[in-house]
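Heads up, there are several structures right after this.
Paired with chain B in one complex and with chain C in the other, chain A is shared by the two complexes that follow.
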Partner chain A sequence: MSTRKRVKGVLSRLILTLLFKKRAVKIGIYGPPNAGKTTLANRIIHTFVDENEDVGISTEIPHETRRVVRRAGVFIDIKRRLYNGDKGHSSSPKVNRAKLMLDVVDTPGLATKIDFRDFMAYGMDEDEAKRRAKEATEGVIEAIKWLDDIDGVILLMDATEDPYTQTNVVIIGNMEARGIPIIIAANKIDLPDAAPQRIKNAFPQHRVVPVSALKGDNMEALYAEMARVFG
Partner chain B sequence: MQKWRESSGKDAEGGGEYRMGIEMNLVSRDKIESMGSMEKLRFILDDVKSGNIVVLEGGLTAEEQMKLIELTMMEVDDNFPGIEISGYPVKRSLLNLRKRTRLTVIGPAAKMRTIKKDKDLISAIISTT
Partner chain C sequence: MHKCLRCGKKFDHITREMLNGCPECGGKLFLYIRDGTDLDATELVDRLKIEECDEDISPDERIESLRIIGTGVYELNLSALMGKKEIVMGLKQNGTYAIHLPSLFAKKRSPRKE
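So, the complex of A and B:
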């Protein structure tokens, strides 16, 4: 990124912060390994900051993200179209703006088990696999510690997997106990065996937004929900 | 690391022989409630690291489960890859004023795997090999 662009970005964030007179909310993206957390974080940054900036890399190997990464000063500004269907004006939408200043916190996947032998299945030698497993355990601890400093959580679940895992239950239980707002995003709806309804059925007390972070499907609905819940 | 009972002896009453298996400890609500938070987690993790399955009648809160995951991650090594944990969600009383934890099962990840779980049923496979 050029110095000019960086200065411009810093200034614009400063002006926006002064205008809104409200600090940015820290939104943690949590979930099990391989749910697509970094892909979602990258999607948000590409959409609202810079399409060439990545928060991290995504691969098929679990625990690719082993350190918490915070991207500060992301300004979400979207137009929402609200329809007045009850008065016969359904063809003339009312446009409403949804704005939110946030810090995106991409976290390592939460797990109760990390076995170095699982990494060897991806072609790593034993030493590399052990090193990665060690870093992954540290990443889980770091992600849990960050919960103390988070204003809201996007809990990302893989819509092709069984959502009723203990890790998901524990994250939701902790957020409820702390009174931290939470949005569940059912990711990977672009895949043929995705079943976001299964997630809705498992956690009926929470709003579930089906998305594809990879393809960008239904992201507007997630941004609108983020502005509503975290704003 | 794993505590296995070899089938060379008799059972407690001197009757039939017992076969190789996994020890399962069913812990009453009273015992768990008599312990402090860290004491409780240490008790569970030490038992699970010994290769046992621990079933808590009273269960753990979501916060305690998160702390247990954190503590587990600190102790993961080549021989102990972690835990498998399964439990029913907290049950809330009328008007949502009081929440009650329910049964929680914790076992070594290398030996136990949850295969099905919903709000009132947990099915798990326990490997003895």
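So, the complex of A and C:
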């Protein structure tokens, strides 16, 4: 994509922000299958909306999320979360930027190959596995189409896996070309073989926030980064 | 020494004609054999695991955004899906394509001509 398109993308977002300052920011959670996208979306909703509300179901089976799910009107109040009870920091210049109205968009995992036989390893019969493969493929296309309507991306990567994959490289390259702000979240840092530094080394041009969406570790750093980048 | 993997003919040196294929059979796969080793062509083929066709087409050159290899097996070209509005489907590997017209016509009209 040309520089012109990139500039156009950045400018249109800037104009939109200026015109509709109170507008909710649409944040897409993207990443490969099983990175923990739905777990992260659920974590955000549990923290800021309702502990009993789920965006989707998380399982160990890849492509569990096969449709894009949007949860509108998530109000992130970092001030209360980060500086709770600490009035000494209330005059900090970051406080004003710490409130953010979001539409959280949970997306199906992006993959370059979807094979029904991979699902059969999880005990599905052939017909069900083939149906899931078809739905997962449709889900990938739907997730990509949603990019046209997204203001910012949280790219979630599994910190226990090699980050230098075709999927990650293509997503990052495309986001950069479109001028969409991006935060990389290195998920699953609660696992012993997690190596978020590997992700930082692979994509040094982006801020990488190590988190555990499942356990809630370092989530506040991610919220603060979201307020800074998307706010 | 270079050996054609199709007919097994051996060539001491690469010639200009060989750049277009084996002068005998037109085969395009050659194996370099070090001096002192000699292998039968069929044996060589058995030893080599040749990937299924289209090895000379890089993912960037592929026109299809989605390839249906079989029922329940799909190959997605993420850069094409992200970079192009239209969806072109490749069916199996026989050069048959399907163009998804709704995605093509759904393209928004640009306010200014490029």
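Basically, the second predicted complex is superposed on the first by the 192 of 231 C-alpha atoms of A that agree within 3 Å, B and C clash if a C-alpha of one lies under 4 Å from a C-alpha of the other, contacts with A are read in each partner's own complex, and residues count from 1 in each chain.
Convention: a residue touches a chain if its C-beta (ideal position, glycine included) is under 8 Å from a C-beta of that chain, and two chains touch if they have at least 3 such contacts.
A quick note: this is a predicted structure, and the numbers were derived from the prediction, not measured.
With chain A as the common reference, the superposed partners chain B and chain C clash. Residue contacts after overlaying the shared chain place A:Val104 against neither chain B nor chain C. Once the two complexes are laid over each other on the shared chain, residue contacts for A:Ile154 go to neither chain B nor chain C. In the overlay built on the shared chain, the residue A:Glu176 is in contact with chain B alone; chain C does not reach it. In the superposition on chain A, A:Ala133 makes contact with both chain B and chain C. Contact with both chain B and chain C is seen for A:Ile144 once the two complexes are overlaid on the shared chain. Using the contact criterion defined above for the overlaid structures, shared-chain residue A:Tyr164 touches chain B, although it does not reach chain C. Common to the chain B-facing and chain C-facing surfaces of chain A are residues 110-117, 130, 133, 137, 140-141, 144, 147, 166-167, 170-171, 173-174. For chain C in complex with chain A, the residues that touch the partner chain are 59, 66, 71-79, 81-83, 87. Of all residues in chain A, only 110-117, 130, 133, 137-138, 140-141, 144-145, 147, 164-167, 169-174, 176-177 touch chain B in the complex they form.
Looking at the complex, you find that chain A touches chain C at residues 1, 110-117, 126, 129-130, 133-134, 137, 140-141, 144, 147, 166-167, 170-171, 173-174.
On chain B, the positions that touch chain A within their shared complex are 61-63, 65-66, 69-70, 72-74, 76, 78, 81-87, 89-90, 109-110, 114, 117-118.
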